[in-house]
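For reference, chains read A, B, C and D in written order, and residue numbers begin at 1 within each chain.
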Amino acid sequence: MRADVHRFSLSDPGDVSGLRAAIEAGRIDPATIVAVIGKTPGNGLVNDYTRGYLTLSLALLIGETTGETPDAVRARVPFVFSGGTEGVLSPHYAVFTAVPSDEQPNGGKALGVGVAFTAPFEPADIGRQSQIDMTAAAVREAMEKAGIDDPADVHFVQIKGPAFTLAEIAEGAAAGKPAATDNPGKLMGFGRAASAFGVAKALGEVGAEQAVEANLFRDMSVFSSVASASAGVEVKCNEVIVIGMSDKWSGPLAIAHSPLADALDVDGMQAVAGALGFPSGSQIPADEAGRIRAGFVKCEAARDGLIRGRPHTMLNDGDIDQQRHIRAAVGAIAASVLNDTALFVSGGAEHQGPDGGGMIALICERA
Amino acid sequence: MRADVHRFSLSDPGDVSGLRAAIEAGRIDPATIVAVIGKTPGNGLVNDYTRGYLTLSLALLIGETTGETPDAVRARVPFVFSGGTEGVLSPHYAVFTAVPSDEQPNGGKALGVGVAFTAPFEPADIGRQSQIDMTAAAVREAMEKAGIDDPADVHFVQIKGPAFTLAEIAEGAAAGKPAATDNPGKLMGFGRAASAFGVAKALGEVGAEQAVEANLFRDMSVFSSVASASAGVEVKCNEVIVIGMSDKWSGPLAIAHSPLADALDVDGMQAVAGALGFPSGSQIPADEAGRIRAGFVKCEAARDGLIRGRPHTMLNDGDIDQQRHIRAAVGAIAASVLNDTALFVSGGAEHQGPDGGGMIALICERA
Amino acid sequence: MRADVHRFSLSDPGDVSGLRAAIEAGRIDPATIVAVIGKTPGNGLVNDYTRGYLTLSLALLIGETTGETPDAVRARVPFVFSGGTEGVLSPHYAVFTAVPSDEQPNGGKALGVGVAFTAPFEPADIGRQSQIDMTAAAVREAMEKAGIDDPADVHFVQIKGPAFTLAEIAEGAAAGKPAATDNPGKLMGFGRAASAFGVAKALGEVGAEQAVEANLFRDMSVFSSVASASAGVEVKCNEVIVIGMSDKWSGPLAIAHSPLADALDVDGMQAVAGALGFPSGSQIPADEAGRIRAGFVKCEAARDGLIRGRPHTMLNDGDIDQQRHIRAAVGAIAASVLNDTALFVSGGAEHQGPDGGGMIALICERA
Amino acid sequence: MRADVHRFSLSDPGDVSGLRAAIEAGRIDPATIVAVIGKTPGNGLVNDYTRGYLTLSLALLIGETTGETPDAVRARVPFVFSGGTEGVLSPHYAVFTAVPSDEQPNGGKALGVGVAFTAPFEPADIGRQSQIDMTAAAVREAMEKAGIDDPADVHFVQIKGPAFTLAEIAEGAAAGKPAATDNPGKLMGFGRAASAFGVAKALGEVGAEQAVEANLFRDMSVFSSVASASAGVEVKCNEVIVIGMSDKWSGPLAIAHSPLADALDVDGMQAVAGALGFPSGSQIPADEAGRIRAGFVKCEAARDGLIRGRPHTMLNDGDIDQQRHIRAAVGAIAASVLNDTALFVSGGAEHQGPDGGGMIALICERA
């Protein structure tokens, strides 16, 4: 197999002309699309409908060209969109394809991708042990599909799980199944945290005895360095995409990752660039930056209100949500280091990387 | 004379305990305070009252200790506050003092500061030739007070000019004196642009024939690389602070500056750090960063909607003002390079640095 | 012919289950749908994609059941959605159907509907005489289709025109076709204003010599009391829906309208309720309110910053757009009078009703 | 004694020219000021500094004219400001004075005012039984000062309690005194709820066994119909203002109140107007409205997401806080009924009036 990643600019969540042109030109066979990950221009919070809009638009386009119904496309292809392109970030979507290849793996490893889905969740399932364990099982299933045996070869696990509106949460409570919180935004956080625990458990980043519901939001030392979890009202189960290096795949692409210790962790970003053969320096030169195929960053506003000892105001702001602040900030730093603004930068990094920090993963063509 | 810069964290615009403690401990003689520049935690737009609140609080504190009335303090000391500490930025204020010194200038130059005020402006004056010319005259006056003869020794000119509410603009129009625009936020932009023209004219950065009203927002090649202009409802005239290097001053402090070509111009930021003797590398190490006394950045969302060829969404956003977006982004990049989040990062860089970019200036102790 | 109006709650812009159930139950024949007007839960500004999302979702659903392509549905049925359900307002969409009827008109008049479309507009066309005149022609065409001869029988003309992003405006300017303004939000206002002029001209509410481009935003006494214009990036031409009373239609529905003098014009709202036979009183009783089929309100923040002599803050607010403020306020007043929160309340009432006010129209079953 | 209420428009939280002019003209003796209640143009959330700014500005002005220090003024006069003048609301402050009077009470009752303060609270005290009980004691003390014996004569109890920033909450937790929640905005809600319990307990609106910590946010049937509680970082204790009718006071002013069943409860508003002799009808005529001296409204977004059976979106909105939505909506309805926009409309009505509703109180000159 051979994986490829095609990144398209997004002028409007209903505008899928980029992928359409690529399909029409024969550059992409829609039947080979295995996942799509992107950033849409919404607020990234509960009432962000840009994610669902793009999902529908892409499912329609792919179905049109493959003959599948949109629902069949969605059942096969995870569409993971995070809202919020604050600051310099550029809306885009990255289309992952997996094509059978005659190419002999050269003994080395190449980018491999695998996907899996959990069963649907209700509000009461979010942030519970069952979500942790079902996610872990899905990660292992996706690893197997990706042809990755060694957890150390997994560099990025993207999960998109459900968000619920107040009405849905209330309905569940009325039916005797109360959610972990009745705050829709907070429940999204619970879902991301439990998903991260699932990844960490599946990959052995932490012991099974640590990846337990009771540690959610309590033991911040329990985290995954490769997990990136989002939540949105447009999905009903956890959709899991495992990306890593596998000797069962061929092709020119590679991926590397690093945890980010805090919002200013330029070293972590450069470590990833260095691991992929980019020249050292404070910014990847424009010609080299052309090798980048996709970048993923998780980040969060430090819970203690401090960054390197100085106060920040993100957690006290009634006008702009903390996630929008931190995406703007860490997204800009990553864009300045990578010389690329079409990055998937997502807030809500609960247990995804160190507390107050997050993680970064980068896919590029080999030098 | 000897200039010093003291930076204090700001937990609330009414909390001036930092300066109070320094005065009480004898570290600062309030009579020597010549200017205060800072970032407050408001939105930085027309209805940001955190600037006025801090101004009142500081004027009261200084007056209490010098015996001046708050009004007398405000007539003597420019208080220039920019609202908006988006992302990682930390609210703070930098107090500039000028103390008579026996120290012999060592033949070299040291940080010098001079201030001046224009006459008051009405809404109809903003963005007009008179504002340009009166600002230029005030810059020259402040240079003289700063003991700077060569315009090349001027590295930062901070201007705070008036903003007007809709009611005030309408009142002026009714009185037969229409403003350049009846949009309060836009009029702030006109004021910043005209102020920048005044600086560029005074310093010879552009010819006098270029620094004309007709070029405002038309010829974006006309700009100043050292001007930083803000506007707020709490001032009525242009308050001008000139900071540079002078052989008439002594002390350990130095300043350097650079234009910023665009929002990702890490090179410009590093040029300033390099000019001040910081080690090269993508981030100033923590121990070296302790030498920083104050940093100033102007930035703006590129008017053509593009950053290095990719679209940004800052100009189409109905929820978050473009200035809040760009401050979060460029502020974070500067913080990551300088390893310091207590930076004065201000949006609205019309004619302050290249179009779509801005400028940066840094004050530090010599290595 | 017989017109009907079916109103559905909208839990998500992609959720069209309400209409789907009505079609499946045979309550609505999708081939008879002639227009859809609704409120979506976005911000109602340039970057509101909830309108496009609902449009796509409904076009797909209708096309699925009629066999039309989504594009064919959109070419036939105007979908007019206004974003922003601030405060008590409830997201919903009202589906208008026109069904051939054997019923003999009883000599009286009943609700009639007609629609028409202009040719597509480019950014440079917005707010120009051509937009005014093409809109006027489309209004006359729609009146004819609605079987309305007397302009006094027209009670509501809804227009949805295009909005353009900064990139599109810049592209037009680069091609030598500059728009009336390069501010996307302001250009939406120009389009609404020119559309209102077109309505006023077609219906003779003002003289043709008054409905001229030069009077846009200058002579606020030129307005239409039945026009309601919105703008959004999801349409490319002016879509015109004329609703009124016609002796060529039968059925139980009626419509009335009133201008609103200002944001607190409860009398205007009650006049409409009275004209439709609702009992007088400060709030329509719940059982009577069940007769309401759809309500439409246009409103705006008074440009002079005053409401009945007291200042408001809507025009100086950097955090919440003035349209969101005024929709929340006037929408709540209308909801309190009508005892119904599923109202189409739209800001940006430039030349739609008196300056600082707006208009209201109400459709209900006859008592 | 004789109470008076003077209402001033507020163009800026630092502009106290209204009161200054009244003092200079001899219309108000600053020594007789017993309380100030007002609406400032901030966001009304944790990072709203307009409340503290106005407090400082007024304390300075009053102290200047009475010879008191600002701190002495603040220890004597409660300043209760609620941020957020969304929609049609107009920023203002109402100054309450109590003047010794020779006038013989005519056997009837007149407006009386009394104030009291609790001891200071720490984050850990908020939302606890001690806050409930200390507030109840302060209410009884203020009643006594107001010369009101019968709880039925109390029509409005305004309480302003402390809000804490994340840093303060974290500091408390680190010191072994965890707050009820580590979310600053949510803690404000706890404080308002406990304060309302204190009022209800003091006035016998509920039994003492109901006004217990365990019922906070659990038993929504426990509420006060006269309590209005706000929270802000600018105060450290609960400041309590009791307003009612007393036969120990004289003068032309009267007060009445009503609970509000929900956001559209026009009947409740009209009941208050009727009780004060305003003519029935949907809006008080302008000449009659001139009798209004101050109006107070508490309101909240219904927790079940429904208003009269239809969904609202206030609780799912990531861009505008629910309190800003509901203030805009209910404030506009009250303004339309009372024909007055300078109303104190405050969100966060936890246990202040029925769940999903709130309360209204109105002070006016007798007809």
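Quick note on the criterion: a residue touches a chain if its C-beta (ideal position, glycine included) is under 8 Å from a C-beta of that chain, and two chains touch if they have at least 3 such contacts.
The shown structure was predicted, so the numbers you read here are calculated from the model rather than taken from an experiment.
Within the contact network of the assembly, the step distance from chain B to chain D comes to 1. At the far end from chain C, in terms of centres built from Cα atoms, lies B.
Chain A and chain C have Cα centroids separated by 40 Å. Centroids built from CA atoms put chain D at 46 Å from chain A. Across the assembly, chain C contributes 11, 41, 43, 47, 165, 167, 311, 313, 316, 319 as residues in contact with two or more other chains.
Listed in rising order, the residues of chain D touching chain C in the complex are 9, 11, 41, 43, 85-91, 263-264, 266-267, 270, 281-283, 286, 307-308, 310-314, 316, 319-320, 324-326, 328-333, 335-337, 339, 341-342.
Listing the residues of chain C that touch chain A in their complex gives 11-14, 41-42, 47, 49-50, 52-53, 56-57, 60, 165, 167, 233-234, 319. Interface of chain A with chain D (complex): residues 43-48, 165-167, 170, 184-185, 304-305, 311, 313, 315-319, 321.
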